[in-house]
Amino acid sequence: MATAPVTMKDLQSPVEPTWCPGCGDYGILNAVKRAMVQLGLRPHEVFFVSGIGCGSKLPDYIRANGFNSLHGRPVPIAQGFLLAHHDMKVIVVDGDGDNYGIGGNHWLHIMRRNPNITHIVQNNMVYGLTKGQYAPTSMKGYVSTTSPEGTIEWPVNPIAIALAAGATFIARGFSGDPKHLADLIAKGIQHKGYALIDVFQPCVIFNRVNTYDWFRERIYKLEDDPNYDPHDRNAAWEKAHEWGDRIPIGVFYINEEVPTLEEQIPALAEKPLYQHEIPPKVEDLEALKVAFM
Amino acid sequence: MATAPVTMKDLQSPVEPTWCPGCGDYGILNAVKRAMVQLGLRPHEVFFVSGIGCGSKLPDYIRANGFNSLHGRPVPIAQGFLLAHHDMKVIVVDGDGDNYGIGGNHWLHIMRRNPNITHIVQNNMVYGLTKGQYAPTSMKGYVSTTSPEGTIEWPVNPIAIALAAGATFIARGFSGDPKHLADLIAKGIQHKGYALIDVFQPCVIFNRVNTYDWFRERIYKLEDDPNYDPHDRNAAWEKAHEWGDRIPIGVFYINEEVPTLEEQIPALAEKPLYQHEIPPKVEDLEALKVAFM
Amino acid sequence: MVKNDVAFKLGGEAGQGVESSGMGFAKAIARAGLYIFGVQDYMSRIRGGHNWYQVRVAERQLYSHEPAIQLLIAFDERTVEEHLSEVVEGGGVLYDEGFKVDAEAIKARGAIPMPMPLLKIAEEVGGNKLMMNTAAVAAAAGIVEFDLSYIEQVIRDNFGRRKGSEIADRNIRVANAAYEEARKRYAHLFEWKLEAIPNAPKRMVINGNQALGLGALAAGCKFVASYPMTPASSLFEFMCAQTRRFGIVVRQSEDEISGLLHCIGAAHAGVRAFACTSGGGFSLMVESLSLAGSTETPVVIVLAQRPGPATGLPTRTGQEDLLFALHAGHGEFPRAVLAPGTIEQCFYEMARAFNLAEKYQMPVIVFTDNFLANSLRAIDPDAFDFRKVASEIDRGKLILPHEHEKVEQAIANGYRRYEFTDDGISLRIPPGHPKVVYSVAGEEHLPEGFIDWEETADNRNKMMRKRMRKLEVAAQNDMRPPEFYGPDDADITFVCWGSSYGPVREAVDTLNRNGMRTNMLHFVDIHPLDWDRVTDILDNCRSWVVVESNYTGQLARWIRMNTGRKADAVISKYDGRPLNPTYIIEHLQEVLVGV
Amino acid sequence: MVKNDVAFKLGGEAGQGVESSGMGFAKAIARAGLYIFGVQDYMSRIRGGHNWYQVRVAERQLYSHEPAIQLLIAFDERTVEEHLSEVVEGGGVLYDEGFKVDAEAIKARGAIPMPMPLLKIAEEVGGNKLMMNTAAVAAAAGIVEFDLSYIEQVIRDNFGRRKGSEIADRNIRVANAAYEEARKRYAHLFEWKLEAIPNAPKRMVINGNQALGLGALAAGCKFVASYPMTPASSLFEFMCAQTRRFGIVVRQSEDEISGLLHCIGAAHAGVRAFACTSGGGFSLMVESLSLAGSTETPVVIVLAQRPGPATGLPTRTGQEDLLFALHAGHGEFPRAVLAPGTIEQCFYEMARAFNLAEKYQMPVIVFTDNFLANSLRAIDPDAFDFRKVASEIDRGKLILPHEHEKVEQAIANGYRRYEFTDDGISLRIPPGHPKVVYSVAGEEHLPEGFIDWEETADNRNKMMRKRMRKLEVAAQNDMRPPEFYGPDDADITFVCWGSSYGPVREAVDTLNRNGMRTNMLHFVDIHPLDWDRVTDILDNCRSWVVVESNYTGQLARWIRMNTGRKADAVISKYDGRPLNPTYIIEHLQEVLVGV
């Protein structure tokens, strides 16, 4: 990783964000930049993959490599890219609809593979870009254009599911506290393996329930509890279910013991796949023919 | 539900199973029939929906209504059918590849809706019908045609994920013990809401690791531990991770407090949707026009 | 003075209420007995950027917008820059006097700058500068001397219930102030006027998606499962809003795969069901579409198009998915494809789609697109005849499990779900009856429904012929050839499908008014069709030009595939903006060379 | 005596080793310098049912199987019932003497019943009745007096390493016993013989999927991500087996959506990648295919067809997905579609697919089907020229991030990923270089790659033209018109695509041997094409008959869509069984009436 200092200016994109004034996505963008500055990550060293949604426009708003893909599909693209160029930092940024809704299966499976990918989910508990339908994370009874009488399904619990699915780094942040969030993101990037950072991101237009104030009144930081050990899976499990007057943010769980996906692939031992000479040696190919004779 | 006795003969299908001799699916078929007999469920009162795979051929092998659908897709079909005809017993039977692989997202989301559906997953830890590739449940290092050097991803933990995703009834059975399994299935059918029954089902052809003996040496019954309380989510969480010399089967978790999906839908209060008169009254429709004027 | 023939364009940022103001204005005008055509243009963002809404008014029914506008109503400065060029000579540009606007440029076009203290009025009279849009609309009304009471009514409807009438009162005060001031300043300079038609009948102000929704309800659809996607979302949301009133079940699924599969499950149980989506979501439904074809499950899919590929231009319009939908799904199976062209057709064809689906036990795809879905018209309530739709409901060979006598009779000599028949259609009895117990499969199956475990060539051949046979029968008995609009013997026939109807129809009228002889041949039914008839029809056209909103000329290709006939020319548009008569007429000149 | 011109059919239950025995037999025969054609037929079950494997032998290269067989080798009684009708006069039926078989029926056909103590030999000599299949194959060798040493060799290869040579020895003892006994009993009655060709060159015994795999490796493919699906699984598994040897990365994804997206990610990073699947899995890839089109990402997809709709006949064959693949994906974007017809073409076209994909930066679909994927032939090693493939590798306008000088030069005057160019192709520099930092989008984007937040019509039009332009350039510079086989001026031209090549080629030879004048026009490249050339070619055919394995005549429809030309007739087969020369010749008579 580069060591020369990187400044916020280095990360300035020519593109103006199209987000609404006050949108929580600004805080996330800010936190992502701070994290890159903290870690001295240069624009060309990072590859952002996003889905489709308000928050998924983020790659255009930061100077770095990016891929704005399809709704719910950034996770497999990120894995394919990582395996082809594993010395880059691959970061997925997508919405709660992307990752906990339509893309849920990709999420389930990336977690048990533990690739070195940082995953920031912009969780505004609503579908923003499509104008306010309820999301998989919307609280029970949430009223929206597609739930005029309130939702009748229970919200996805990202932390609990990540824990059950084998994620090796699980955190939750709040876009209203970009410094703290930047810290979590930096930790996630430094973590060897898959890191989930679920981010409370107020949608000031469509989500009139889970507002900045709503979050501020409830959230507290896990690290403020000296007895909390993020290496304890059972403790994390209990915290994952804490929801109501008090909602924890911070690092829920860390497991440094698990090898990454790419570490386990012999072909990647020497150098990134994209640098491999092609085609293979003709002798090796000819040798294959013999097997058929 | 019908009370007149139902016999195994009533459930005899004209179709001969095409499963291999010794396949664990026979035990599951037998257990499903026993459960129906126990509960006095008549063939016409039950609707089986399956995916694609060896085990998913089950609906043809029992006299009842069935729908052999697509690989990984029975779960949404079951929900659509249930909402249209909710006084029938809807049972999904599919493979580990169906439900924990390609169909994982449907599974994640049915669990937080809690429809009154019983879900039997034929978990042979391998892809049978396609001739032995590894499955999402294959143990780490499992060698197969698509993992010649052993798998490098960690297996899905169905019990833990179900718990995290909000399933209200979670059990694991063993096809080598059809009586016990029948019991679990009967309990699952009687449970008001979504019931997962993950079934250890030896594939005698392709899975040479997780054999009948392998399971017999390890499994024990949760109900044999008088202190185990399946209403305790944390206890279930710990048991969900017990894997190795001892592997628990039985009911991991029950929660009777949660309303079902269909209970929360006003339109279904009176009678099943398919019995509703169509079209609606012209007056009601005309009234709608006024809103546009 | 020009009476009741004018076009307004409102423009501003997302979030300024451009669309709601435009629609409110349109509704008020319609209530005055005038016909309107409303079309929107918005960006894929929730705030900022530039959106506009155009309202065209006339005393005759309108089918399209036109680029030319008489009064531009600017909620921001950018609107003037973007749209000044569309303002006709003598037209006006209304904007807040605080805006930096080049009045000279406006004059240079022969148009009238109409600065107004809109913000001031909103703040001082209404106490809230957000009421500027009310002021703007009222000012526009003043300029065309339109009876303000209609605007007041709409304000009451909008705010009356929702936010307590106090807000309504304040908005109305703002409206009055702006109205008076604008009339005083500019009415005498502006030649276009709006005058209410005395005791005109009440009309619905409705868009294509709402018409599709009404059609579905009228046809007895009881189940909807979808995942939000522009431009289908507003149809889905319309259905969500009807759950209580009509006792229907609507589910937001985790993705589009699940949405269609939910519908297949409900339809298998005997309930009329549909899913709606756009191209990207339809892509995800393709595997399940094939399942519906194999299991002969009647489902309806509304494919609301927008430009691709991939996410493309998500809030814009196009007709790019025709050939995709016609061939979507692995293997070969029957389906029907319909493409209503007007709001009235949206209503009737959506209802008809359920009849075709159940009669032929196959999936039916109903096309719309962002243009048709959102374009707004004033339509006589009688134009939507619920009794007619009700009387035409045809569920085909369906017996529901609780219809005991019927079942008993039907199964007297045995029941097989996929019985071979002359027309390829088998009796359908959903599960639930004690004497009708069966299992179906997406794998090649026996007449009983079981997987054909012997996989015989004979059964396979029979099942393929049975399923495909339904297309021939449908083409003969139910499907309709394209229909003409305009004079019989035309020199040029415009051939089009779906939403192009309106722009092409008005192009035909205009051309013919100017002495040309053109007509339109419009396809609503796209597949299956009696292609011999279509061939005759085409061969009787002196020359035919296909008009569609895509790059490759998909209808033209579809026609050639089925008839061998090649269009004399194709007029296409693929910039995401809807067709309009002027565009068609201009491009006709270009392609005429070839004709 | 008929020398080296014979067909064997082995039949039995799944699990009896029908396929492995048949392939082993074929390999042994090929090692004797003879040409073989092996075709399998199996059910969608792992044990029981009825499977068969057919091996046709000749001294010339073979391209197809034929229904007629000389020696039927029955592993069970059912095999005799099922296939007796295919045995020619004078042919033999070999079975275990313990089977209940109607010998009279065999004689009635003029064939020879050949009961043998196969089980007995397996048990007594080999000590394991599972060795019955070894006994059967050896007995067959005895009957045709084929040098047993070739069989012994194959046995050693198969068992030698795997299960310790002791098993091999026992199998060989079984083989010798059965061989001797069968020769003694029946060789003198059976007129067909196999005789090794003295010092013939060594040949590969290889099937279509293996050839595709070799082609991918030879072209420098380094990444594969797929989800198992018959008949693509064996290709996927072949690639899995090569990971160590060739340092490639192969991933089994959670579903097909993820498989293609993995490839898009890898390709975006500059690695050659492919996904393989069948129709159902391809259906799930359709949305991502559109993304690849929009982002101009070079990916290769192998679409291994099987009969649909839905799960259809999962272990059988068909060509039902042509029009689907050609139009799959929402919106309009460029793609290439190739359909190799022979095993040699599988090798070269798979390699070429990567060149087309990278040169034109678009997805390329390579068709195969269950028939081609699994049919086995003996091919000279030189027929697969790795050096040629290597020399033809063309990565197009690609510079990898670590090629520093090249990058420096290229970006001297600025780099834009989607720069507008004459040929529509832009310079591709994958992420990683310090001076090349950019973001791409599946939403309509600017040349820089950013989403066009202004959504201008102008940029949209340019980007559409840029992307679609690549098809014109490819059609002119790289795509190949269909090729003829057979005499130039034929009375009847068979037009076909993909795997139909073999059966049609042999039908042509047979017909022409019998005095007719026919030839074959075979499409490998299906899209894009220079259709004017194709039109000329077709117009120069006296009459043309399309032959394909589907119901609707998809190639015929594709040709008509693009040329307006209608086939004089279509010979189709959709029962899941592969075409064969006899079938084509028989049906030609039927359709000739029309011609």
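Worth pointing out:
Note that the chains take the letters A, B, C and D in the order they are written out, and that residue 1 is the start of every chain.
Quick note on the criterion: contacts are C-beta pairs under 8 Å (C-beta built on N, C-alpha and C of every residue); 3 or more make two chains touch, one makes a residue touch a chain.
All values reported here derive from a predicted model rather than from experimental measurement.
Of all chains, the one whose mean C-alpha position sits at the greatest distance from that of subunit A is D.
For the pairs A-D and B-D, the larger set of C-beta contacts lies at A-D.
Per-chain CA centroids place subunit A at a distance of 41 Å from subunit D. Subunit C has its Cα centroid 37 Å from the Cα centroid of subunit A.
Measuring from the averaged C-alpha position of subunit A to that of subunit B gives a distance of 31 Å. Contact of a single residue of subunit C with at least two other chains is seen at positions 43-45, 49, 243-244, 254-255, 280, 287, 291, 295, 310-311, 314, 441-443, 453.
Subunit B has residues 18, 52, 68, 70, 102, 104-105, 108-109, 136, 149, 265-266 in contact with two or more other chains. Only residues 15, 43-49, 227-230, 233, 236-237, 240-241, 243-244, 250, 252, 254-256, 280, 310-311, 314 of subunit C touch subunit A when the two sit together in their complex. Within the complex formed with subunit C, the subunit B residues making contact are 15-16, 18, 42-44, 47-49, 52, 57, 59-60, 63-70, 73, 75-85, 88, 105-106, 108-109, 265-268, 272-276, 278-280, 282, 284-286, 288-289, 292-293. Taken together, the subunit A residues at the contact with subunit C in this complex read 18-21, 52, 54, 68, 70-72, 101-102, 104, 127-131, 133-134, 136, 145-149, 205.
Partner subunit C is touched in their complex by these residues of subunit D: 43-45, 49, 278-280, 282-284, 286-287, 290-291, 293-295, 307-314, 316, 318, 320-321, 323-324, 326-333, 441-444, 453, 455, 457-458, 460-461, 464, 467-468, 550-552, 557-558, 560-562, 564-566, 574-577.
Only residues 31, 202-206, 210, 214, 217-220, 222-223, 225, 242-249, 251, 253-255, 257-259, 261-273, 287-288, 291, 295, 381, 384, 386-387, 389-390, 393, 400-402, 430-443, 450-451, 453 of subunit D touch subunit A when the two sit together in their complex.
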